[in-house]
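So that we are looking at the same thing, I have put the structure below in structure tokens.
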Amino acid sequence: MKVGIINVTGYAGMELARILLRHPEAEITSVTGRSMAGKSIGEVFPHLAELDMTITEDITESVDVVFSALPHAASAERLAPLIRDGVKAVDISADFRLKDLAEYETWYGTAHPCPELLEQAVYGLPELHKDEVERASIVGNPGCYPSAAILALAPALKAGIIEPDIIIDAKSGVSGAGRGFSFNTHYSEVNESVKAYGVDGHRHLPEIVQELSLISSNGGVNLTFMPHLIPMTRGIFASCYAPLKEGAISSGEDAIGEVKELYNEFYKNEPFAKVVAAPPATKHTLGNNDCVIYPTVDTRTNRLMVFSCLDNLVKGAAGQAVQNMNLMFDLPEDEGLRHVALYP
Amino acid sequence: MKVGIINVTGYAGMELARILLRHPEAEITSVTGRSMAGKSIGEVFPHLAELDMTITEDITESVDVVFSALPHAASAERLAPLIRDGVKAVDISADFRLKDLAEYETWYGTAHPCPELLEQAVYGLPELHKDEVERASIVGNPGCYPSAAILALAPALKAGIIEPDIIIDAKSGVSGAGRGFSFNTHYSEVNESVKAYGVDGHRHLPEIVQELSLISSNGGVNLTFMPHLIPMTRGIFASCYAPLKEGAISSGEDAIGEVKELYNEFYKNEPFAKVVAAPPATKHTLGNNDCVIYPTVDTRTNRLMVFSCLDNLVKGAAGQAVQNMNLMFDLPEDEGLRHVALYP
Amino acid sequence: MKVGIINVTGYAGMELARILLRHPEAEITSVTGRSMAGKSIGEVFPHLAELDMTITEDITESVDVVFSALPHAASAERLAPLIRDGVKAVDISADFRLKDLAEYETWYGTAHPCPELLEQAVYGLPELHKDEVERASIVGNPGCYPSAAILALAPALKAGIIEPDIIIDAKSGVSGAGRGFSFNTHYSEVNESVKAYGVDGHRHLPEIVQELSLISSNGGVNLTFMPHLIPMTRGIFASCYAPLKEGAISSGEDAIGEVKELYNEFYKNEPFAKVVAAPPATKHTLGNNDCVIYPTVDTRTNRLMVFSCLDNLVKGAAGQAVQNMNLMFDLPEDEGLRHVALYP
Amino acid sequence: MKVGIINVTGYAGMELARILLRHPEAEITSVTGRSMAGKSIGEVFPHLAELDMTITEDITESVDVVFSALPHAASAERLAPLIRDGVKAVDISADFRLKDLAEYETWYGTAHPCPELLEQAVYGLPELHKDEVERASIVGNPGCYPSAAILALAPALKAGIIEPDIIIDAKSGVSGAGRGFSFNTHYSEVNESVKAYGVDGHRHLPEIVQELSLISSNGGVNLTFMPHLIPMTRGIFASCYAPLKEGAISSGEDAIGEVKELYNEFYKNEPFAKVVAAPPATKHTLGNNDCVIYPTVDTRTNRLMVFSCLDNLVKGAAGQAVQNMNLMFDLPEDEGLRHVALYP
């Protein structure tokens, strides 16, 4: 299977290269990058020197599948002609995630480059949309925050055990802000500090709302999503809070057991959504494709609390993209993705 | 003014020494420490070598005021005889914080060593209890999380603009776990990782509930408090969420302005509770005695959001203790506490 | 191939489990741990839960090869009976590294538990002793610092191009100090700080001296080895300095080219000793088994400078141990060790 | 005393503001910054909001002393007219450090903007040039590495106890690379990683050579200086190695005592050069103006080893600049500089 990576020089693209380099069914045949075109991969990323290729401006080989790790708008623009040529595409940008074109234009402040392709696109969270992904030719790979948040809340919303009054307080490592330069990626500014950001609204919000509304057995959600920047390189931790719906579940200690059972059941066949028995840490997911989920109940206030975590560059980006590729090509879902976390 | 520090060898005690060493009205005359008794301060903490004293088992001098940085129970036990001798006391442990003895015993799992002294004790959050602190002979210095959380929510609760349905998602650096050894203070375990802890209930909860209920214009609060451990040394960041009460405040963008005005007004005379116009970071409080507070509204969901941060060893412990001492001894409230944050 | 791990609960043991879990020819059949005996692996290390085993006090299965990650002395003691039963052993402790019993006893302050086995033991640095390792039944796996330092200097010493007047200034992440508790593993103490340690002599010195003297074409070395503790979890960086021997090599810019060629040639067939063309960073080795080496010359002073780095838990411990196992069992040297670095 | 700060928006300028804001004899009356001109200090640096001033393009007030934290060349260019107007100047850039114009031009790749002023300039390391600084109108404030390295080696070179064959292996936190954007200040790139940089020659080398040659009782030095980038915000640690000169000092254990005595004596009257009895850590200097120095001997190889550390933004930049100002204006040398380290 011939694979192309558009914009290999950002973190998501680089991480795709790391994973695909050891994928038994994939062969990377073309990688692009704007400012670095003409250089070898090894010059830019010494740890990938084994991938003995030159970075080009455009995809130069005919490929079976293409991943794009470009920013939004630029991504769809580059992908569109390849898609029309019959290449399957996994887009790590936001361009194929939102079903509602107006929402896209509101949040991203630009017209969509190829709205006519949106209908074919599938939201690539395999734990919720596996069948569609298997048949898809365009997958909009979820954002890192949405991956953690949606998997944390889907079982409870589907079962209708919570009021749709949800707070997601999320914490992200710095690599989520990419390889570009800003005070949010400047070491001395973010080290030894925590802050909330995107206080007026983060672009991952509409995506979370779209998916949670879809799965909710009680319609729309009233959702506050608040991301925080944390001094570490990789990892996302989502703390989710919602009131239990009276009568829908036992109260007190019993609720804890029922919630855990519900979550275990929901994800029992999923290789990468792991419901655990003790509160997790992002370090349990360092470098692997797991989303680790810990549901419990604050019995003092009868609130559901779900803590989920993942590696933003793997299950939150490149790993999930490869998981989607595996499904699109009828490969085992975890092919090339059986990394053990690099703990500590 | 002669000052004693009980248990100078923990982080709160050490930080008291740092601050008091430069306090123009205070002279440290006696410092204690259990395992380190007999050593000089400089052997244990080279950066405090200038404080040329030997650590003793007990307070050896007669002092005007004593600070205790011992763990709970041990602290009250050591302080009680000194208090009875007329020494003013600021206790950094939890022993003099809770008014309700039963709550103390439930959360701390032990009988209180001197319940008869509780009545004299004042909860030492000067922004809320300044008059009482000025007249107090025993001050229970607030916990680090409560300092951040209570200051974040007091104005809104007092004004009655929120429903008492509150979530506090707090993030703490590692020094909050002290100088003792555990996997929560082990570098390789906590570095590059985030986790929730105290998921079944953290000891700072009853303290927050006590104070918020007291100030609330609508009675009790239904409060979830969830602390997280973050890979940095100092700093606490509290993200507080509560629904705005319908009719009590404008909705939409107007609410933001009203909330900000309310907070500015509430803290206008406070030297250390600083309401700011842009979302803050814990680094803005590194080494100083500020609690920086940013109130706003999620206009999509009509929720109040308040972000507050402080240095857990300063405003969250030793600095606030000195602020209390200043008030107890009729000194300027900010005497010896005018540090500028060590940014970056 | 049945494999046992003695003391799986330290970082080296845990890392062995991570690597062996995906090794196609190895099956972990028995793991021991002292304080954790009776618990499942997943309870202690959630990221290894897939390895569904109970930790026992002793090796409970008959195994083909055993790894020990115990501290010195305890390690040889536990290994000796297994070795006598014909089990091949890779010892990650220092017990089988030093040829000179007196040196061992001087540096480790204890008698060797089984000196009669020393003669069979091979120093397991495959790049220098591949043939011996292939035939060995006991391998003393090198220390983390020695792995980086010896590989950095061996080519120059063998070629006789430097005076044996060597300084190795090494920097290590905190995981090198293990999973035990001390102020050297305490987050708040080591974060945001650098220091030299072992200033009066570090136990890895005799091991480095032994191997460098052995390979030197000019006899003994006059070596200063100075380790430093750096605020990061994994990684060792060795900066090595020695005067070029007059007449043995060109001077000035030409020397740089000759040195690089010498190093490239020396390691041309080695899968894990990688000579690179640009100064490396420890992050290039995060989680992989590489020792990355950058030789150059300070042309102002005619000094050889070699910078080498590796992941102390992989090439500096568990990865190298597996590399040795592969050689001992006639497997491809890099079997199970083809991890790509987890950058960034 | 009216003070101006040119380029307050970099880290050195910002740190000057932090220190001068509490200096009892100084009043900041004018601050400049290029891209931020027109903004208030508090908008750019919330922790300095108390300094209620607008950033301007040029020094707008007449001042008694001006500090420049501009890059080289730009700095001298801006300072020259002020100096000619009789304003005393402390330049944190490299423009007034090197006595040899050719060296300046070689290392900085540009002509000096005002070579005619060089003769008046004093190298502002007060521990070595106090008298000259007191009489100076232009002070070239030393680089951060040179401050640590020169203070570490000066006593030994002056006493003639070492061969001038010196290696300085230095480790710096990331703030040394400033507030600008580069992969050397990018969080995800430098976090959890160590590397050598400036391998072909760092601009601080000529400055170290100039000063050490000047003080050496045996003429020139043969010096390798190798900086490393360490994942922490503040701090420099210099590890210095040189062979003891045979006959100039005892050998073996006695040498250690003699060396310590020599250093203690050399710095006995210096408030900020502190010779200590145990190996230090950079954290001992966090936020204070100390250079902490630990001299010892590797008795196995008869090498002097000196470890020194300091906060690169304080003793390595702004603090030392204020120390120089104090001397130039006949104030107590430590006025406004009595900060206790912010440990941990």
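All chains are identified by letter, namely A, B, C and D, in their written order; residue positions are counted from 1 within each chain.
Quick note on the criterion: a contact is a pair of C-beta atoms (placed from the backbone, for glycine too) under 8 Å apart; a residue touches a chain by one contact, two chains touch by 3 or more.
Note that the coordinates shown come from a computational prediction; the quantities given were computed from them, not determined experimentally.
Novice: Which chains are shared contacts of chain A and chain B?
Specialist: Shared contacts of chain A and chain B: C, D.
Novice: What's the minimum number of touch steps needed to get from chain B to chain D?
Specialist: Tracing touching chains, the least step count from chain B to chain D comes to 1.
Novice: More C-beta contacts across A-C or across C-D?
Specialist: C-D
Novice: Measuring centre to centre with CA averages, how many angstrom lie between chain A and chain D?
Specialist: Chain A and chain D have C-alpha centres separated by 46 Å.
Novice: CA centre of chain C versus CA centre of chain D: separation in Å?
Specialist: Using C-alpha averages as centres, the distance is 38 Å.
Novice: Scan chain A for residues touching two or more other chains and write them down.
Specialist: 11, 175, 188-189, 191-192, 231-234, 280, 283, 286, 344
Novice: Flag every residue of chain D that touches chain C in the complex, lowest number first.
Specialist: Listed in rising order, the residues are 165, 167, 169, 171, 173, 188-189, 191-197, 199, 201, 222-224, 226, 228, 230-235, 237, 239, 241, 243, 279-283, 286, 294, 296, 298, 300-301, 303, 305, 307, 309, 344.
Novice: Under the stated contact criterion, what part of chain B meets chain D in this complex?
Specialist: 11, 14, 18, 21-22, 45-48, 50, 175, 192, 233-234, 276, 278, 280, 283-288, 292, 338, 340-344
Novice: Within the complex, which stretch of chain A touches chain D?
Specialist: 11, 174-175, 179, 181-182, 185-192, 231-233
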